[in-house]
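Listed below are the structures to be examined.
You will see two complexes here that share chain A, one where it goes with chain B and one where it goes with chain C.
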Partner chain A sequence: MIKGQKVEVFVLKERCKGCGICVAVCQTEVLELSKEKNSLGYRHPVVINADRCLNCGLCEMFCPDFAIWATIEKESVLG
Partner chain B sequence: MAVKQKSSSLENIFHPTDYFLESDIFPTVWCPGCGIGTAVYSFFEACKEKDIDRDDLYIISGVGCTGKIAEFLSLPSCSVTDGHIIEKAVHINEHNPEKKIVLFLNNADFLISGGKEFKKARRKNLNILIIYINNLIYTLSRDQAFPMTPYMRTSIQGEFEIPFNIPYMACSIGASFVARWTPIRAGWMKQSFVESFSVIGLSVVEVLSPCLIYDANKGRILDPVEKMAFYNDNSEIQFWVPIKNLDIRRQKKIIIGKFLDKNRINDD
Partner chain C sequence: MGTQQTHPVDALLHTENLPTIWCPGCGIGIVVNTFIQTLKRMKIKKDKIVIISSGLSCTGKISHHLSLKNIIVEKPFDEAKKFKEKNPQSKVIVFFSDSDLMVSSIDGLLDVCDKGTDICAIYINSFVCSTLFFHKKFTDFNFSRKDRKFEPKAVFNLPHLLKNHGASYIARWTPLHCRRLSYSIKEGILKPGFSFIEVISPCLMYYASRGCEGNNIDRMGNYLKNATIENGHPVENLYTEEMEHIIIGKFLDRA
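This part shows the complex of A and B:
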């Protein structure tokens, strides 16, 4: 990630099972487990500090349910 | 086999590995925090790095939790009863010699019912990749010990029989690539999958997957993060160590790493 680029974090909350690995793995504390539950009754992660994300890809790598990933926003790449 | 096509305009909305997955039937059936999903993810990341399309692959899985992998894939795949998996791989290899065959096996498929078949894979000289997902227990038959269980709730003081040593067994049969990783080292695991694609012959990658029902001392289902931390603390990476000392005991640390690679120069 280059300085000035924006990173967007996507969470598919209906796939999540609330294991909390993504929250534990994130070094810059972007994520937090939510208070509300999804349709299966699990607490899914929500993004609280979107500015801090470094696009390291650890949450995507360790998620066993294919529910979270991060990409660089296209507008910031062009600009 | 009919394969679903995804429209390219929705490419950025889906997960990066959704090209290989049947994303309509999610969520998956595994426990929260199970290591099977991480192993599947890092395998398909390796496929993307080597530019392998989904029609070049054939994936066979066995029974149990690991056998459910074939249900979630959008590429040619099937799940076979344990004890007949390598035979199925032989038949598919005869008819489609250009396809890369990948087997996701669990304890019963690899050691118990399929134990005799593992030798057949070398004798037939198959060019396959075996991903052995080892969770150290028979999960679905409720905490039953099996030949690699070091210690568990039903035998807290430890099993008195000597556990199996899978890398030693694979090397003695004549495999070309042997490695062992845990899902907490997912990046290393992905690199091993990438390297195993360029090796000709039988390659075996053992994945020590955390099973939440296997609880060591405490008699309760562990927290997933706690379980990952257990594997992080009790394992250490060592490359090219003597393969005789690689069995999993209670007192020792689990040694993970890459142990054999026929592509490496000066390696016998």
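This part shows the complex of A and C:
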């Protein structure tokens, strides 16, 4: 990731089982488990510090339910 | 938070079956995610990958979530050998766990290893049936929480056995070493001959009652903390006991 680029984090809350692995592995504390529950009764992650995300991809690699991923915003890509 | 509704690997998944069937905090989901991400990075065509499993235990449900060619049979290694002989171009991946070895015996595994069949076998070791070292039938297991006994004994050394039977690639990781696991899966798929990758993953159902491992993340973190990466370590001295020191790494890579 280049300085000045913005990262967008996507969460599919209906796929989440609330294991909390994404929250535990995130080194920059971007995520937090929500207080509300999804339709399955699990607390899903929410983004609290979006500007801190480094797009390391750990949350995407560790999520067992394919519910979270991050991409660089197209508008902020240089050139 | 974005509102995009498709995950980058959704094309390789049965999205209608998500969330996955495994317990929150189980390592199998991470292994499947790592496997799918590896396939995407390798840019292998979808029709050249074949997943074979026995359908037994939690590992058998992997094919339930992948929209690749799936074969579920009683003896996965025998089927893998036949399939590879008929379709030498396709990449055959066998997912199995200790329950498979308990129920359908180890003969098929040793047979494909002896013959050097080009298969990548991913073994998820959750110490549920304590691979071959208890030598107990399922009916001998005590499933009640109070009376269950965990007797530390030397676990059967599967990497050592398979090295002596001619495996060409042997590695062992935990789910939290997912980047290294990803490299191993890639090498295992591309390597000619029999490749064996062991993933040591906690079973929450079995160890939840012990009370010494904290919440679901801590249980997996314990394996990460107790693991030492020693690539090229002699497989004769591999020592595994659940919740004890674990040696992981790439042990064998025959040229």
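As a working rule, the second predicted complex is superposed on the first by the 77 of 79 C-alpha atoms of A that agree within 3 Å, B and C clash if a C-alpha of one lies under 4 Å from a C-alpha of the other, contacts with A are read in each partner's own complex, and residues count from 1 in each chain.
We adopt the following convention: a residue touches a chain if its C-beta (ideal position, glycine included) is under 8 Å from a C-beta of that chain, and two chains touch if they have at least 3 such contacts.
Computed from a prediction, not measured in an experiment: that's the story for all the values here.
Student: According to the stated criteria, A:Q5 is in contact with first (chain B), second (chain C), both, or neither; which is it?
Tutor: Neither chain B nor chain C is touched by A:Q5.
Student: In the overlay, answer first, second, both or neither for which of chain B and chain C A:T28 touches.
Tutor: A:T28 contacts neither chain B nor chain C.
Student: Identify the partner contact of A:M61: answer first if only chain B is touched, second if only chain C is, both if each is, neither if none is.
Tutor: In the superposition, A:M61 touches chain B and chain C alike.
Student: Does the superposition put A:N49 against chain B (first), chain C (second), both, or neither?
Tutor: neither
Student: Do chain B and chain C land on any of the same chain A residues, and which?
Tutor: After superposing on chain A, chain A residues 10, 12, 15-21, 24, 40, 42, 60-67, 69, 71 contact both chain B and chain C.
Student: Under the stated contact criterion, what part of chain A meets chain B in this complex?
Tutor: So the residues of chain A touching chain B come out as 10, 12, 14-21, 24, 40, 42, 60-67, 69, 71.
Student: State the interface residues of chain C toward chain A in the complex, per the touch definition above.
Tutor: Counting only chain C, the residues touching chain A are 1-5, 7-10, 13, 18-20, 22, 24-26, 28-30, 32-34, 36-37, 176, 178-179, 182, 215-217, 220-221.
Student: In the complex formed with chain C, which residues of chain A make contact?
Tutor: For chain A paired with chain C, touching residues are 8-12, 15-21, 24, 40, 42, 46-47, 50, 60-67, 69, 71.
Student: Would you pull the chain B residues touching chain A in the complex into a rising list?
Tutor: Checking each residue of chain B against chain A gives 12, 15-18, 21, 23, 26-28, 30-38, 41-42, 45, 183-184, 186-187, 223-225, 228.
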